[in-house]
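Working notes, beginning with the structure itself.
Residue numbering begins at 1 within each chain, and the chains themselves are lettered A, B, C and D in the order written.
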Amino acid sequence: MTRAEAFSDREVAMCTVGRLIEDGKTYWAAGGGTPLYSVLLGKKLYAPDAQYVTEDGVIAPIPMLPFEPMMSMVASRATYKALSWGTMNTAGYFAQLGFMDYGILNTLQVDKHGNINSTFLGEYGHGGRRMHGPGGADTIAACCWRTILITDQEKRKFVEKVDFISSPGFLDGSEGARERAGLPRGTGPWRVVTPWAMYDYQDRRLRLMARVPWVTVEQILDETECKPLVAAEVQVLEPPTEEELQLLRTELDVRGQTSDAAGGWIIWDGEQYTRQAAG
Amino acid sequence: MTLATSQPLEILAEGRAPYHPVDPDGFREWVREHKSRAMVSKLMSEKEAVERFVADGDYVTYECNYLTRGPNLVLNEIMRQGRKNLWIAGKFTYVDVGLLVGAGCVSKVDTGFFLATPAVKKALAEGTLELYEYSNVVMSMRLEAGAQGIPFIPIRSFGGTDGFEYSGAKLIRDPYTGLATVIIPALNPDVAIVHVQQADQFGNARVFGTGISDVPAALASRKVIVSAEEIISTDEIRSNPGATSIPYWCVDAVVEAPFGSYPGTVPGYYASDPAAVMECFAAVLRGDVQAYLDKWIYGVQSHTELLEKNVGVAKLLDMKKRETIKEGFRA
Amino acid sequence: MTLATSQPLEILAEGRAPYHPVDPDGFREWVREHKSRAMVSKLMSEKEAVERFVADGDYVTYECNYLTRGPNLVLNEIMRQGRKNLWIAGKFTYVDVGLLVGAGCVSKVDTGFFLATPAVKKALAEGTLELYEYSNVVMSMRLEAGAQGIPFIPIRSFGGTDGFEYSGAKLIRDPYTGLATVIIPALNPDVAIVHVQQADQFGNARVFGTGISDVPAALASRKVIVSAEEIISTDEIRSNPGATSIPYWCVDAVVEAPFGSYPGTVPGYYASDPAAVMECFAAVLRGDVQAYLDKWIYGVQSHTELLEKNVGVAKLLDMKKRETIKEGFRA
Amino acid sequence: MTRAEAFSDREVAMCTVGRLIEDGKTYWAAGGGTPLYSVLLGKKLYAPDAQYVTEDGVIAPIPMLPFEPMMSMVASRATYKALSWGTMNTAGYFAQLGFMDYGILNTLQVDKHGNINSTFLGEYGHGGRRMHGPGGADTIAACCWRTILITDQEKRKFVEKVDFISSPGFLDGSEGARERAGLPRGTGPWRVVTPWAMYDYQDRRLRLMARVPWVTVEQILDETECKPLVAAEVQVLEPPTEEELQLLRTELDVRGQTSDAAGGWIIWDGEQYTRQAAG
């Protein structure tokens, strides 16, 4: 492992998620952006027997990298040498049957109970900002045993209550709320990863559990509108390595569309990392 | 062993959105009256297919347009012919909803996933577009119920979301387990448009590679337009019955459509034209739809003319050349 | 367009037979705890597979035994090991139920279709066998619901029959149309036994040709034994992902089983041995099961020994030679 | 067409059904016996664009005839050159969707409303004769638009009320009974064909509509325990032709298992056909 000299916020988040990937577990990745790159990074560097399913149901491909622009799903390079080509519904059935250990998602807004909004900012139907909708993320969040959410560390992304639940977290946070709504027993949010921090849940409530070395707990809390619980001991995450960044930049996010679209850069000055916010 | 019991069956909650009518018996009668069980040639141009099988107000399903094996030539023709008030199954849609809305063709979308472009936002603000909230999987499972000919199907997702409130779903108490269970209404669209790699003249069609819900869509829909990169013989279809995805009796129109997914890719046949894909995304995201429509749709009379005038042989050959992966995309 | 309404949801009638428990959440937990999502070799003999994965009292599903691509070597091993009180999904079964009942292995059958042989009639008269009444399609649709992980599914058949009364089905008022609609309980067997043409060591399996419900059975069952005519490499599986019928994570045991369907046929691989099929039918129909079991099952230790002692090379080669049709039975 | 000199009862029934087969219609055939042979006979001689689906879901095969013993379904000769190989459920779904014009069935007992018993003779669960069960016939009878039933002309086969409804006819015969039981609208029994007669339904009640030349209406009614309605004019059916019998005997029922298992033989004596009952 080689210390990396410079990397972007979103690269940090993908590397952090990549290290969560476990051998012998299944991952259902939403869409073709940071969730897919994170699981590929983890699989290639740390967990070769982790298996992933694309949103459209392709089982355990060995994709021909890099993808063509916009073509990280369905296209032939993305589905190359899969164990099986499925469909949206076959993926959904395997998730309903409990075969998917982890779902990996990204989002624009999340609340203290892990509910996800990708539909509407503002009061639904009364002005505000229309977004693209849940895609397959609703089912991923409902049916995988555990969900890992990737988002940016911005105040307005972490709210008390999302304006619209597109994909379910712990709903109102009460015990059994998911089951009462018809969702499978024992499922739910597990981690939220941002460029600065990692969260888990305590009694279905968001809790800050780890931070990157170059930001403080206070900085993180300043960028979290809903005040999360804070673990007694907030762990410090390892920064990305050159090996991880090399893989990300040369094989996965080769056009930088996913990693540098927002946020700042983190630079090693010889003694420590410092973050330079984007202009 | 469980003895049959009388668990109370009750509705616990229900969404309040309009949904496409659930009518399994009506669908059966449509099939009996309109679907040919005789093997008759259905070959026709995309123009004739849209004229005959897409009407104003129809509920339309398709998928992956503009990226991968999308039925672009047929969607372009729908815009060219100026269909109105379509209701779109917005699962695994993307830039295409913005384009169709910008062209004035669409008044309702069941989401899904789509790009909320300026044209979409304008139509929402003006009240000319309504959205109902599902997800990609809920929509494809609605199609599966439609493809089974049943009125609804239970699923394990969607409960607890706000989408549920703006949908046709219901939360019931399952009479077998007593547990809260979501059910969703079957979807039987008026029109399915499916682009495939190979079909014969009768509509026996082969899909290779992954897909969202091509096959359920073709079974569930009253009118089915199949466009195919290649028309193959029925003898070839019969030489590998396991490769047939859709049988002829589901299909109303077969359009021979080489490069029918342009500017997207058809796996095993040709790579995408990234510049042209980007041109479309940029136009739609900027809200500059009219110029795009003028160039790519209204300015040509057919998909062949689009390829001739706006693309050219060299680019098409290059797209074919760049698609080096063939494994599994032929029978 | 239909507005969401509150059609009364009610149970109009229900069957009164015991049915295998419906427990989608329990099935999920079984999957999480017992199904390997790692790619580990599952190659083992039929003896080990039955020892590890078939227990007394299990609910077992399989199909087409003794005729076409049936998992005969595994069923034979179940009889050889003397399992008791099995509950059989009797869809597209035939002579095999009589044999299993005659061997004392079975105490319940969900029908289906099977030969009501002397052994079956004797067991019914003595009260050691119970039958519950479905049909081939109702049973395969119960498996489909099980394979989707949902508690029940609506169907358009079965209503009005007397089988309904002796089943786990219910007649409800559909909340979408208000029409009477039959629902049937999902079936998640304890054990599925599936014989396929090809599989890799991890259980990625290819079924070629028609079948009843191999794939839903493999998805719906807690323990899955796949026997395969050929073990192929995972590289070969990956070279044609469209040909994979069952992914490895469903499968608990992979048995290399050339001529595993003997005396039946495996399409594309070998024809049947008609004389041996007739020998079995005659024995079972006459009620002369014990002699048959002694010769074909108890008298040998394995399927290989059965082939060696009772069949021989010449006959096996002749079966291969007579299967001249290969079209579509290879990827 | 050549006059046939001698043929069996069951050959008559298969030829009669074969002539009902229509071009451009779909037939879902139960099992591999008389229903399958009848539709193949009709397709090969009269209705080349009739299409059939086997019970296990094979769409429109061109089977390699004759079948091997016991192998009229699933095996490679039976599924040869199909348009598509399906499964039991895909066949069921097409039937549920209304794609199957006709179902063709055989049975052991039928009643005046067309209900079919293949499960139990006697009072269910209290002694009597256990039979094999409905197989796929229940769904064929429920979901095809019209069903054609093949059976023998024996008194005990035509009863007032079957002991057990394995596959539905018009149930209690009241209007809408099928729909009230959850079955698709507008479906039901259409014809019953025996070696002696053809029946249709009037107001959901069995009606004798045609007879073969060598038996009288009275003979038929003697072999019908439930008294059917009788059409004002009972038509006379054409006897089998040599071409039909040739096809049946050389390509379809080559072992005679289906056609000569019961019943008598009908002989042309130069002036008329006479039936010789089986010993």
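What we mean here is this: contacts are C-beta pairs under 8 Å (C-beta built on N, C-alpha and C of every residue); 3 or more make two chains touch, one makes a residue touch a chain.
Note that this is a predicted model, so its numbers are computed, not measured.
Common neighbours of chain C and chain D under the contact rule above are B. Here A-B and B-D are compared, and the pair linked by more C-beta contacts is A-B.
The distance from the centre of chain A to the centre of chain B, with each centre set as the mean of the Cα atoms, comes to 29 Å.
Distance between chain A and chain D, defined via averaged C-alpha coordinates, is recorded as 60 Å.
The mean-CA centres of chain B and chain C are about 35 angstrom from one another, to the nearest whole unit. Computed centre separation for the pair chain B/chain D is 40 angstrom, with centres defined by C-alpha atoms.
Shown for chain A are the residues in touch with two or more other chains, namely 58, 79, 81-82, 85, 96, 184. Multi-chain contact residues of chain C (touching two or more other chains) are listed as 24-25, 149-150, 155-156, 179, 181, 209, 239, 241-242, 327-328. Chain contacts here follow an irregular pattern that is not a line, a ring, a star or a complete set.
Two chains count as a pair here when they touch; such pairs are A-B, A-C, B-C, B-D, C-D. Across the complex, chain B is touched by residues 23-26, 49, 51, 58-62, 79, 81-85, 93-94, 96-99, 101, 145, 184-186 of chain D. Across the interface of their complex, chain D is touched by residues 24-25, 27-32, 35-39, 147-150, 204, 219, 234, 237-239, 241-242, 244, 247-250 of chain B. Residue ranges of chain B in contact with chain A, taken from their complex: 64, 67-69, 90-92, 111-116, 120-121, 124, 131, 133, 135-138, 140-141, 144, 155-163, 166, 171, 179-182, 209-216, 265, 267-268, 271-272, 274, 277-278, 281, 323, 325, 327-329. On the chain D side of its complex with chain C, the touching residues are 54-58, 64, 68-71, 73-77, 79-82, 85-89, 91-92, 95-96, 119, 124, 129-139, 142-143, 164-168, 171, 177-184. Residues 1-4, 6, 9-11, 14-25, 149-156, 168, 170, 172, 174-177, 179, 181, 183, 185-186, 208-209, 239-243, 327-328 of chain B are the ones that touch chain C when the two sit in their complex.
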